[in-house]
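To keep things clear, I will list the structure first and then write my remarks on it.
Naming follows writing order (A, B, C, D and E), and every chain is counted from residue 1.
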Amino acid sequence: MLQLRGVYKAFGPVQALTAVDLTAEAGEVTALVGDNGAGKSTLIKCIGGTYTVDAGDILIDGEPVVVRDPRDAAALGIEIVYQDLALCENLDIVENMFLGRERRNRLGTLDENTMERLARQALASLSVRTVHSVRQLVASLSGGQRQTVAIAKSVLWKSRVVILDEPTAALGVAQTEQVLDLVRRLADQGVAVVLVSHNMNDVLRVADSVAVLYLGRMAAQVRRRDVTQTQIVELITAGRSGALGLSPAESTGATV
Amino acid sequence: MTTQLDDLVEHDEPQAPAGLGDYTRSYLARLRGGQLGSLPAIAGLVVITAVFAVVHQGFLSAYNIEALVIQAAPIIIMAMGLIFVLLLGEIDLSAGTTGGLCAAIMAVLLLRHGVPWWLGMVAALASGVVIGLAMGWLRARVKIPSFVITLATFLAFQGVTLILIGGQGSVILPSGSPLIGLENSFVPMWAGWVLLAVVVAGYAAVKINDAAGRRRAGLPATPTAIIAVKVLTVAILGAFFTYVMGLNRNLTTNAFFANKAEGMPWVVLLLVVLFAAGHFVLSRTRYGRHLYAVGGNAEASRRAGIVVSRVRVSVFAICSGMAAVSGIAAASLLQSVQSNAGAGNTLLLAVGAAVIGGTSLFGGRGHMIDAVLGGLVVAVITNGMSDLIQGSNSAGFEWVVTGAVLLLAAGFDAVVRRGSPT
Amino acid sequence: ACGSSNSGSGSGGGSGSGSTAAKNTKVGVLLPDTASSPRWVSADPNEINKQCKAYGLTCYVDNANGTATTQQSQAQALINAGVGVLLVTNLDPGSGKAIETLAQQHNVVTIDYDRLTAGGSASYYVSYNNVKVGEDQGTALTQAPQVKGKTDVNYVEIDGAPTDNNATQFAQGYNSVLSKQPGWHKLAEQTGNWDPATAQTVFTTMLGQHHDINAVMVANDTMAQAVINVLKAQGLAGKVAVSGQDATAGGLDNIMSGTQAFTIYKPVAGEADVAIKLASQILDGQKPAAPAMTKDPTSGREVPSFLATPTVITKANVALPVTDGYVTAAAVCPTPALQKLCTANGINVAG
Amino acid sequence: MTTQLDDLVEHDEPQAPAGLGDYTRSYLARLRGGQLGSLPAIAGLVVITAVFAVVHQGFLSAYNIEALVIQAAPIIIMAMGLIFVLLLGEIDLSAGTTGGLCAAIMAVLLLRHGVPWWLGMVAALASGVVIGLAMGWLRARVKIPSFVITLATFLAFQGVTLILIGGQGSVILPSGSPLIGLENSFVPMWAGWVLLAVVVAGYAAVKINDAAGRRRAGLPATPTAIIAVKVLTVAILGAFFTYVMGLNRNLTTNAFFANKAEGMPWVVLLLVVLFAAGHFVLSRTRYGRHLYAVGGNAEASRRAGIVVSRVRVSVFAICSGMAAVSGIAAASLLQSVQSNAGAGNTLLLAVGAAVIGGTSLFGGRGHMIDAVLGGLVVAVITNGMSDLIQGSNSAGFEWVVTGAVLLLAAGFDAVVRRGSPT
Amino acid sequence: MLQLRGVYKAFGPVQALTAVDLTAEAGEVTALVGDNGAGKSTLIKCIGGTYTVDAGDILIDGEPVVVRDPRDAAALGIEIVYQDLALCENLDIVENMFLGRERRNRLGTLDENTMERLARQALASLSVRTVHSVRQLVASLSGGQRQTVAIAKSVLWKSRVVILDEPTAALGVAQTEQVLDLVRRLADQGVAVVLVSHNMNDVLRVADSVAVLYLGRMAAQVRRRDVTQTQIVELITAGRSGALGLSPAESTGATV
């Protein structure tokens, strides 16, 4: 479904991604893991058009596509929850959730009532119980509430690919459950889901395939059932685990 | 929808208050919490008006109220346009001289090329929009900071106006022209009342329709009593204003004098239309929503699929277009276009008006009403100051007092707003 | 501050300001700015107030600070205050005309003060003749000791603000003289915008371009000071003829020290006294006859005019403005060095 | 320290490059990455200078270079002060008129009250600082937006200056006064070379000391070769300038002439001192660090224990103080103080200078060098424009061309900077 | 050591905290848990002086103290890592870490060399391996790298109370280990540590005492050894668990 081939990205002197390959099949959850600063968010921003890649291809259904800005990604049916959320603090929850895709009524004006109703339902489905009103400004929300808004925003739309960058980082126990459920449900509906997480329990619970980034290189992409938690952790921290992963030269010499 | 939301109840979402008492309580709580809306600007306006009414006999005469309105109109219109730019956290230093230039283009077309007045007006407006598009392009595409772009055009347009008008210092508009009528003739009395009725009815219809829609959608809505109070307030203020504008404003009367100065200036109509249109765009359209979004967080807006550069270009076009309208109104007021039209403090005062009204210079916060209230504050100050101090050095003292009053108005505003979140 | 008796609430007041009502003694004065000449700051207000007192009039003197809209709103305020006569020094003919139309609509008589409102409807025009001022400047420059008798003179011009109609008229005056002067070559002409900083930048560049300037036709004293600054740095001060206008303290100093050739002295009284007397007569119901007519260049209307003649001040009669009380000796001679110079030129420093 | 850090090795921290080749490579990589520093401003300056040198004969003569420097000085000084305010994301619209007012206070004290020149200067400076403190207090404590505060003072100070100078239009400084010398007399030739030596030696000492300190602390340091190149560049540019300033600038020569105009104007010394002091404060003191922090994120700074309100007050005091110095320099240049000193476009041009130099209007980004480079750009444009176009309407055309050139310089800057992170 | 008594805080119409009591003993790790939007971060900002409380007392060593702004808190030896981090993006890592407490040398100027050395060591001690240079701007750091900087910043100083608001949310496996170690080590040195976390494993591993916020009320503060994970989760999601927690009236009727 979604495929990356040989993606490179540098920020000035910093080489953030080096020859990264990745495959995310439709109907599967692909976990993308890696140490802090491994390049996960950078990779996702490249897919989403927030950054443009220096080299390499992005393929959807085998076809190379050009993603120059986030509109292109949206047009291709790629929906992303970013780690840094990117909500407009001066807008309220409803306004943020429908930003860029506002509903309009017959007259072409904003259909606030429908949007408000849908926003409430979406939030409720994610077990958010402490939001006082969907007309609250995002500036007044707690960290977890914001994250929920960002997630709710992304699942409102029919997409072919849904990418979630550490979606449960700030969430409580119940909310995390809901989101993991949601991820599974999305995959079951045929969506290609990419999930970034540092929580190995979560990863092992929902992932079908696990991709490990190490210092900007793809150490390995393996099926969930073929690996143990220990192996994944080794891949994350050292770039290789037994036969899996980068060659010794790459994983040590490659000072980024 | 990928998620199945239908079977989920709206559990635990606290219902917004629906009764009148609830509504009032929650309004007061919001006030205490610092969400003051336009209250500080209104309070400031009332206070300085009261002060001038005391120190300045005849300040609230029908004659002076009319003078105030027609003097305020160009400032308000320019501030309305600037709010679009300010919402994005940008600045347009050249709005004043753009207005002057567009008015000059109009005047020259009218007088030297015999173009009909309406065509001249269209040309002025078109020039404004084209100028705005160009500046917006420089900002959005070439990525020059808007301060520098508009500083450059501020200077350049002054030059162009000067060249156009030439050495006489000003071009006088043809005296019978409807252009002059804008600020100097009056809507017939009956039409004024009809206009008021239309405005009040429209306002009521929108409010009632909104509330009904929300009830239908099962959402908490403004209680009817509150709507009634709001509509009544608008109606009373409007009626008072229409009544005052209906008084004959000719101060000296004698046997020769036939014509009475009474009725609402046409420019009031223009203000009402521009305000309604601007308010509609900002609060009820996707475009308006996107303005707030880009001003609040440009990167988030981009990720949400908004074409930020297009929004940037558009606000400059709107601002310059409105500046052209403002320039036309100013030309109508002075019945002529000066070679230094729109230079000097024109722009600073208009931006000051928007800021005093409550618009933020950092983007993301502002409403049309800010331009109206802030513009009135500025106009009241300039009008109240003119002729307040006499004689030697009066110019200097008036500057000083103008600055002091401006500061007082803003300080009042700030103190009332204190403790508010932003 | 304006003690209006007409609160504006409408038609009360019977048959109005004509013959039967109590005599209106209110006169409004609209002055233009503070930048084009220092006279508007205190000289005119003071002289006008003095005269008003003498004639028993109540005068309101406003300064528009260079902004046409301000002047417009001041006019409205004065009309609101019930003035019977309005003296208008316009910022430009257009806004001046708007004010005069407004006044006429409210039965207020207008007098063009110092500047003619072309295309306007003022009943009288009281002024120094601006074109004549310019001509005097031109003539006096050709008489300056530095260039007198020379057959080959290179000169440059620094004009007033291009947005100011007066500047245009001054320039018209001096250009008419200088362009006809045999052997005089104009090397450059720029605007100083009535602003010494601009004038100084402009002249610095001019001097860099043309090393052999003999005379500088600069429109007023403050800009002349800027020119002299540049000349001083080159050791050329006093060797180049520099013009001026307004008889400011600084200008007189420069004349005494020989760095400036002359200035144009236009005692305010020449206009203010005439204008207030005229206003008083109008309020009395008279229709005074004017000694001259000025043709409005726009409308062709002949405007009844009272025109005063300016005086050229050179080193010979430099004490005149001080003796007249136009400027104080203290302002002209603030430092010991200047005091010595003042005494030498017949200015009574002690007074 | 609560944590035991001593036994931890610095594992895996990539060593910063230490060799000359490495350094160059990483510098180029940084350039490609968009960290351009002052390069765009320098490029812009070079380009417009070259353009004017072509169209304008004598533009690079010693005479005109000196004129350029003394004309630029007031703008540069004001821009230096403004950078402090801009670093916090604030604005001071009144810097121009504050400078004018302080100069007027000085002139009046000197001439009407017989105060010695240095006391007048101190009084002007003190007035500036007090004004700044008051405005800062209004911003930090009363929480009025700085745009409104300084708009009010912009107007008010114009009035005060007018009242102070009164009906004379200008006050002329006593001709022998050292105040006039600031912009109009020259450092003796030998002193100029000594000064240059001191500056170069100081610069070299600081750079070498820094590098040595870093090596001692076991940190990667700038290679000595790079330091040598930098010091040499400064020395060569400085020597060229000193040499040009040493040429006789008198345009006409004749038998009577004794005095030569040669040597560096004193104001250059002032500029060097102010630049060094400002640069030191911004880059090497806690206070300077806090300015950047508050400008970058006021809330984070507050949480870090910085008293944000005190920082806010301080920048306004510094800006107004520098404005006073700028006003004095302008007075020295004109040898007099006008009743409209510092009004008009003074402020806009100074802010424009800072922005062109690379300072952000949104706070958190800016350096002293921006004021110097941007101020030079503005001065080159105004100097180059004056006398470029002749005849009637020349004023209009010059305004137009000035705007266009300003835009070009900024556009050049923007295009060079394109792709840089901020 | 640190004690709160009856703390109230409202934001306009929203009552965020109601009569909250809390005790954090020196030498212990007190975990503060609760659902998203329960009021944890608000409580911490009240202690840190970012917000002022509407009513109630803060006591240190039994003495009531007044914390009007963050300086007061710092003077009392309270060090906080906020959930929203609050770093200056335009400053580099070293500058951020020493912000407000810059080292100076004999001449009174900034002692950059010492600061840079200490910053490197502090980061290294937290297992950060992908930061290319401590002179990088914070704007260019990944989410986890920023969090590490914020944590490193807080542990540079000798404090009596250290409060960490979801410090490990964005951290990788190894980094999380290090931070939990650090927390334990701080407590062992006699510091009163308050740890906010949604991760029950982490909480149960390091906490000595667990305080549960429910809709702005303190549901219960219990010793770690007296409760099971299930009980804590119940307290978080329902406000009570058997005999523990709020009365039924409080936990349901109390719509915030």
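The rule is simple: a residue touches a chain if its C-beta (ideal position, glycine included) is under 8 Å from a C-beta of that chain, and two chains touch if they have at least 3 such contacts.
Protein names from UniProt, one per chain: A, E = ATP-binding cassette domain-containing protein; B, D = Xylose transport system permease protein XylH.
The shown structure was predicted, so the numbers you read here are calculated from the model rather than taken from an experiment.
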What is the set of chains touching both chain A and chain C? B, D
Spelling it out: a chain qualifies if it touches chain B and also touches chain C; which chains qualify? D
Counting C-beta pairs in contact, which comes out ahead: A-B or A-D? A-B
In terms of CA centroid distance, which chain is the most far removed from chain D? A
Based on mean C-alpha positions, I'd like to know which chain lies farthest from chain E. C
Give, as an integer number of Å, the spacing between the C-alpha centres of chain E and chain D. 44
Chain C and chain E: spacing of chain centres that average the CA atoms, whole Å: 73
How many angstrom lie between the centres of chain A and chain E, each centre taken as the mean Cα position? 27
Inter-centroid spacing, chain D versus chain B (mean Cα positions, whole Å): 37
By the touch rule stated above, which residues of chain A touch at least two different other chains? 11, 13, 129, 131-132, 140, 256
Could you pull out the residues of chain C that touch at least 2 other chains? 34, 41-42, 162
Chain D: positions in contact with at least two other chains: 12, 14, 162, 166-167, 392-393, 395-396
Here the pairs of chains that touch are A-B, A-D, A-E, B-C, B-D, B-E, C-D, D-E
Within the complex, which stretch of chain A touches chain B? 48, 50, 69-71, 74, 80, 82, 85-91, 95, 99-102, 104, 108-110, 113-114, 116-118, 120-122, 124-125, 129, 131-135, 139-140, 155-159, 182, 185-186, 189, 191
Could you list, by residue number, the parts of chain B that touch chain C in their complex? 55-58, 61-64, 67, 71, 74, 162, 167-173, 175, 247-255, 257, 259, 261, 330, 333-341, 344-345, 382-383, 386-396, 398-399
Chain E to chain B touching residues, read off their complex: 11-13, 255-256
Touching residues of chain D toward chain A in the complex: what are they? 12, 14, 26, 29-30, 32-35
Which residues of chain C touch chain B once you look at their complex with the stated criterion? 1-4, 6-11, 13-18, 31, 33-34, 40-42, 45-46, 49, 60-70, 72-74, 76-82, 91-95, 97-98, 101, 105-108, 118-119, 162-165, 168, 298
